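Letters are used for the chains, namely A, B, C and D, taken in the order the chains are written, and counting of residues starts over at 1 for each.
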Amino acid sequence: MREWLRWPVLRQLSGSDFLGRGRAARSPSADEPARIENADSVVRSVCPYCAVGCGQRVFVRDGEVTQIEGDPDSPVSRGRLCPKGSASRQLVTSPSRQTKVRYRRPHGTEWEDLDLDTAVDMIADRVLATRDETWEQTDEQGSLLRRAMGIASLGGATLDNEENYLMKKLYTALGAIQVENQARI
Amino acid sequence: MAEAHPVGFQWVMEAKRRGAKVFHVDPRFTRTSAMADQHLALRVGTDIAFLGGLVHYVLERDRYFHDYVVNYTNAPFIVGEQFRDTEDLEGLFSGFDASAGGYKTESWQYEGTEASPSAGRRDQWQKSGQPQEGETSSHGRERASSGPERAGSGGPVYPGSPESDPTLTHPRCVFQVLKRHFARYTPEMVAQVCGISEEAFTEVAEALVTNSGPERTSAFAYSVGWTQHTVGVQYIRTASILQLLLGNIGRPGGGILALRGHASIQGSTDIPTLFNLLPGYIPMPQAHTNEDLQSFAEADGATKGYWGNMRSYLVSLLKAWWGDNATADNDYCFDYLPRLTGDHGTYQTVVDQIEGLVKGYFVIGQNPAVGSSNARQQRLGLANLEWLVVRDFNMIETATFWKDGPEIESGELATEDIGTEVFFLPAAAHTEKEGTFTNTQRMLQWHRKAVEPQGDQRSDLWFYYHLGRRIREKLTGRRPERTAEQRERDRSVLELTWDYPTEGPMAEPSPDAVLREINGTGPDGESLSGYTQLADDGSTRCGCWIYCGVYADGVNQADRRKPGNEQSWVAPEWGWAWPMNRRILYNRASADPDGRPWSERKAYVWWDTEQEQWTGHDVPDFDKKKAPDYEPDPAATGPEAIKGAEPFIMQSDGRGWLYVPAGLVDGPLPAHYEPQESPVSNPVYPNQQRNPARQIFARPENRYQPSGAERGSEVFPYLFTTFRLTEHHTAGGMSRWLSHLSELAPAMFVEVSPELAAERGLRHLDWATLVTARTAIEARVLVTERMQPLRLDGRTLHQIGIPWHWGPNGMTTGDAANELLGVALDPNVHIMETKASTCDIRPGRRPRGVELAPFVAEYRRRAGITELTGTEHADDPSLTGRDERERGNENER
Amino acid sequence: MSADGDNRLSGPLADPAVEAGYPPEHPERVGFFTDTSVCIGCKACEVACKEWNLLPEDGLELSGMSYDNTQDLGATTWRHVAFVEQRIDTTTRETVDIGMPDMTRPGDSSTAAVDPTEDAATQIRWLMSSDVCKHCTHAACLDVCPTGALIRTEYGTVMVQDDVCNGCGYCVPACPYGVIDTRPDTGGASKCTMCQDRLGAGETPACAAACPTESIQYGPLDELRDRAAQRVDELHEQGVTEARLYGHEPTDGVGGDGAFFLLLDEPEVYGLPPDPVVTTRDLPSMWKHAAGAALTAAVTIAACFVGGKR
Amino acid sequence: MSRPDDSAERSAEAGNDFRSYYGQPIIKEPTWKVPDVPAYLYLGGLAGASSSMAVLAELTGRTHLNRTGRVAAAVGSTASVVALIHDLGRPARFLNMLRVFKPTSPLSVGSWIIAPFSSLTAAAAASEITGRLPLIGRLTSISASVLAPAMTTYTAVLLSDTAVPGWHEVYRELPFVFAGSAVSSAGAVGMLATPRGEAAPARRMALAGSALELAASHRMEQRAGVIGEVYREGRSGKVVRAAKVLTCVGAGAALLARRSRVAAIGAGLCLTAASAATRYGIFEAGRVSARDPKYTVVPQRERLANEGAASG
């Protein structure tokens, strides 16, 4: 009976929307709240693409990013984003993102699985071996070099300052000097 | 700017709304051109001629900002008698050593001074009394007297004061030198070189000068269209000269604005993952000149300006890194720093990979297999490694080159033969970690963490912290079996401060703790509030002196988010800009020598006579209490030696440099040279085709093409330039995998004019093949009138636009533009020339598989290319070091 | 059809929400004013829309239509940026269409490219315009929808209720702008909702929020109309005499658009109809003719039964 | 709209000189499928005219023709509904057609017509075939016949009430074409399924319907202006021409059908095909007119030019 009373035709006849073009034809779905309204948290962030540094608001629900949009408070961007910035939610939630370590052994033809812990351990071993193998304490004239020329690194412009800082600090301590990033490219 | 920085472009539109005129100077008609009042389609690689023409226009008509120029620039300083200009030497400056492909720069100095470049390079010169220019090692020349590795940091230093002529009439004063030097750059010359009309040029010039002066300012915005050239630094220099002459530096609405392309590319320069720098632009020590802390820092200590406190900055850094282990007795562990012996930049590194010298490679959020010039050379390097670590979101080309790279397709390499061990580690995204990005305005902004990364995804902070922790554990564990020599070697690692707190199940290290370390702490362990507090006695620690203050008062200043509309137009309470939260550098120049604003309209920072201090809309970039009439004691050093009317406090004379007596390796003034590869003979200096000091690598996989009148240049008759699209990002790692971006620009294409299409039989939307001496790629053709042929001296020149976002992997795929480019570098900063080169274009798809190499080889044969092609007068370590046999027997790959 | 006369189907209508049964205290009618003279063609609107409305990618095809690879509005593309390359004579403001470059091999046909140096007064210009559902005052899609899936909202906008739509497709050919379409994946009709859910949250629609240059302006329709008129005057003063508004007149064929535009050339150059009319304007006449025809049929049939067995 | 003064002049140059966005269509082509929607159109018309035929046959004592009419009306309307449901993007939600009553929607009005009509005709046909409840059968048949004329023409309104130039611009004539076609198609079925002796009204319906259809078509094409092209040219033009030929042939055969069963069958088949082809041709012509921006732009430009001339 209740279902029957909700029949829009009855609402058409009884209400102000005789032609059934608005209120009478409306379904409860039209009033569903926006997903930014029922977010568990709204996190202030910064766009990861170019160096303009537009403010972003990241909406989270159940531990997942549900929306990323411009932060109107930012005096840099005033809430606006370009197409790349606007695609940030897809960037971070894309199913194409890798979630597992992949390993290719020397001369291997396929990727293999590898435990993250093992991978970091293996990399540490490689670093130390290459460091010893290519260590230069001094040059021919006896000038101090104190470096390992077998280790190089590229990247940093898309990372946080804190990450660059740890990279530079660790590499320098290890004697790796061929450390570069996009700023040179 | 509308293309690559659309949201930043809103401010250009805002200015336009308020009456600003917008001129767009670009070889291509882009989305920016569409919004500009006027678009000037320059021939690629001719901006120095264009800007030089503007300098000429200003000087010839006496349209410069006189008081600004006399007081704030080095215009009155007298240049030494020994200096010879390009006017005198047919396109070369004095000091050129043809056999070394570089300059001895001492003849560029001021009269009465002994200008030398920088702390990082100086003491070798002091010791020997003679610059040891031209020495070549496998890593390029060590340019002892120029110090390009230091040039970004605020300029070289010189003791004493140069002779000066405030009337600007002395024939050897900088102003007069400048006038003579730019006399060639007439509107007619600009038209002839750049391919634009004199009328169009004059319109820009007139608009620029009338919009500069006390009441008005003009700004230049540029991007890698200026930097990625064999004369890139001199492009920026020309703009600097122009803006200084017009009084447009240090003032609101003025400046030369670098539009940088990555979220923290500024940060990764400030806290450099760059070979030649330590945090805060402190140079990495050189093997032969920096034997101890004293010799490294002392020369700076004797000079004027804020670099005079270099020792404080460095000692605080060493204390931050080695903590209590760094003491006065051990030079604060200065010897733990590895030493440089030349260019160790990324292109040199790739050569060393191919040569088997570099064995392990970390690639972190970059994609060199398609993103660096001469991409094939990059992949040959990757294929010759022992191990490779790639950290990224998706399976980028750098991670998969061994499986499906172009060399596998062409049969040049076989997967089974590639010995590189590859670790792909998935990275956490910006929403999955917290930390700071430094934007293109030097502003640090803290982004907070929203969610946890999935699976094995981790932040790079996590990776490097735990990698370091593991390495230290292993070294500690292996200590008994290590030799004494090895133990000594390990001390720099084991004594490193590496005790960051971790949190959560993933043991994520605290970025907040790292930022506090970067900011620095005083003897009491409390956060410092600014770099003026740094001491050289080991009592302070600071990971990056220019970032000192980002954690002032124990508050993360980069995380400040007071809404923009609730504060002044400078918005000082959003984020934090280095240094000291100053939003415009050298803003003391916004006031006249007496400290009054040049005009009410352009008031920004001024001297408050009642409060007796500097004040204004921004944090004054000046000693707050230093009065405009302050005259330093002649014996003063450091900041105290800067006058109250000298705004450029990082420069060793407090002045903006129109002329660069030291610090650059390719000339004290900019001069137009043709790109490494150009179909045009240099019209400005007919005897000097290319930048004589450019850095090149003549190697089998990196052949150069003939230029201008050289035989065979007609084989590659078309100019091309690479560019970015709004719809994609860099080499595509963050855009080609996203459907919402891929669908907007779904295929690799090239832009050609209808005239070129007619000349070569290219059809809209069909395929075309582009060929250089390196290789051939294919792309879809977009015929558009936005590309216009140039008419130069009655000759028609065609330019081709090539976006560089594509590669073989991802959702939208295509050949990479970087396959076409050779590696030829600016000698100051080792940045490659991607914005101007030559190629051939023909209809149809490129040859595939084994047919590709002979196809390209045939082009090289027709053009008569040998390993010497395009190498004259250049700095090329591989040439001098090479075997004669190899030289004679050109082995084309 | 009713006491209100033509207003229920066409002509100026002060308050479409009240017409659709909402109480007079409903929210103000809102809309978009898209000022194409400041559009930089960045397509942020397209992406922001798809991100918010969770719309899928709908084709990785290089169109060759300048930088427009989206090509048109559709069921899963609710914002579409058009790109038009043309020449304009800077003195007369006459435009010359370039259109799609000739697909034949140059030289094969007679349409040789114009030598740009021949006429110094012409220069290249690149028009960009972000198109969207017009949210017509008299919306044909809504009128013809048999299920009530398409409704007028309290904001005066027009939206599809996906849980109601049965995919009959009637709205598709009814739209005079070619906006609405049915989704191949769900079968339902779909188009811009002006971010109905965001409006409920007091937020700006996703496209307008993202637009870097305020080309897409969102707000109360009356305010937007005033602003637009000012902007046209401003451009005319600057010599951009070809600037004109499109879809802003309540007297036009659809009673005025909820999303209207400032254009720099004829509407059809951007793919917009020059004089759209809501089809239901003629519905009473259609029914009259149909009734006449039906009567004719009935009479004819009856007549056929008159007479003998021949 | 404010626009430069010269635009009216420019647009007044009719014919093929019009501007567009890379030749892209301005309006969307209908997503309706073939044969679903042409079948829906044809069957609805057939059902409507058949229902009238049945009642009149019953009143005039033509039991066979009554039976034919009842069955044709029931089968036609039911099949028409099935075709419509099959065309829906979400067939399971067919019942939402009755969720509202939308006077502004010909499809809603049509649904409210076809729903009772198909039920009534089904009941009438069931009674006729089983012989049970004859009174109910008669009542339902008569009730259905009240709705029957509407069945013959509402689908014309359905097509016309769109932005499709080929349909909308001919809204005055299209119902008459459909009416004629419906009458002739019912006549055709009557001829096919009824002994010649009782089929005289059916033959007359075939002839009269055909005449009406042809006359209305002719007038429609005359008045359509530039849009008339889609009814003359291309594939849609061919189908429309074929329909006309079939109508003529069918009508000619119908003249002979009184004497010849073969002619009757031939006429019935021809006219059935003609009626279906008419619907299909018109459907296709509409699609063509939607695809080409010319048919949207040129008439609108002409309208503006005329308005401009009238007011200026």
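The rule is simple: a contact is a pair of C-beta atoms (placed from the backbone, for glycine too) under 8 Å apart; a residue touches a chain by one contact, two chains touch by 3 or more.
Bear in mind the structure is a predicted one, so any value in this text is a computation, not a measurement.
Undergrad: In terms of Cα-based centroids, which chain occupies the most central position?
TA: A
Undergrad: Return the chain pair with more inter-chain C-beta contacts, choosing between B-C and A-B.
TA: Between B-C and A-B, the larger count of C-beta pairs in contact belongs to A-B.
Undergrad: Please tell me the distance, in whole Å, between the geometric centres of chain B and chain C computed from their C-alpha atoms.
TA: Result: the chain centres lie 46 Å from each other.
Undergrad: Cα centroid separation between chain A and chain B, in whole Å?
TA: That gives a centre separation of 26 Å.
Undergrad: Report the inter-centroid distance (CA atoms only) between chain B and chain D in whole Å.
TA: 72
Undergrad: Just the number, please: Cα centre separation of chain A and chain C in whole Å.
TA: So the centre of chain A lies 36 Å away from the centre of chain C.
Undergrad: Mind pulling the chain A residues that touch 2 or more other chains?
TA: Residues 8, 19-21, 24-25, 68, 72, 80-87, 90 of chain A each touch two or more of the other chains.
Undergrad: Identify all positions of chain D at which a residue touches two or more other chains, and write them in rising order.
TA: 99-100, 102-104
Undergrad: Taking each residue of chain C in turn, which ones touch at least two of the other chains?
TA: Chain C, residues with two or more chain partners: 1, 42-44, 46-47, 51, 100, 143, 148-149, 164, 212.
Undergrad: What are the touching chain pairs in this one?
TA: Pairwise, the chains that meet the contact rule are A-B, A-C, A-D, B-C, C-D.
Undergrad: Show which residues of chain D lie in contact with chain C when the two form their complex.
TA: Spelled out, the residues of chain D in touch with chain C are 1-4, 7, 11, 18-32, 48-49, 52-53, 56-57, 59-60, 84, 87-91, 93-94, 96-97, 99-100, 102-108, 110-111, 148-150, 152-154, 156-158, 160-164, 167-168, 171-176, 178-180, 182-183, 186-187, 197-198, 200-202, 204-205, 208-209, 212, 258, 286, 290, 293, 296-297, 300-301, 303-304.
Undergrad: Can you list the chain C residues touching chain B in their complex?
TA: Touching chain B: residues 38, 40-44, 46-47, 50-51, 56-62, 64, 66-67, 69-70, 85, 87, 98, 100-107, 112-113, 116-117, 124-128, 212-214 of chain C.
Undergrad: Hey, which residues of chain C end up touching chain A in the complex?
TA: Touching chain A from chain C are residues 1-2, 8, 17, 19-23, 42-44, 46-48, 51-52, 142-143, 148-149, 151-153, 159, 161-164, 195-198, 200-201, 203, 206, 209-212.
Undergrad: So in the complex, the part of chain B that touches chain C is made up of which residues?
TA: So the residues of chain B in touch with chain C come to 2, 6-7, 9-10, 13, 29, 31-35, 39, 725-727, 739-747, 749, 753-755, 757-758, 761-765, 780, 782-786, 788, 791, 811-812.
Undergrad: Spell out the residues on chain C that touch chain D in their complex, using ranges where they run on.
TA: Of all residues in chain C, those touching chain D are 1, 9, 65, 71-72, 82, 84, 93, 97, 99-100, 140, 143-149, 164-170, 172-183, 186-189, 232, 241-242, 244-246, 248-249, 252, 266, 268-276, 279-280, 282-283, 285-287, 289-298, 300-305, 307-310.
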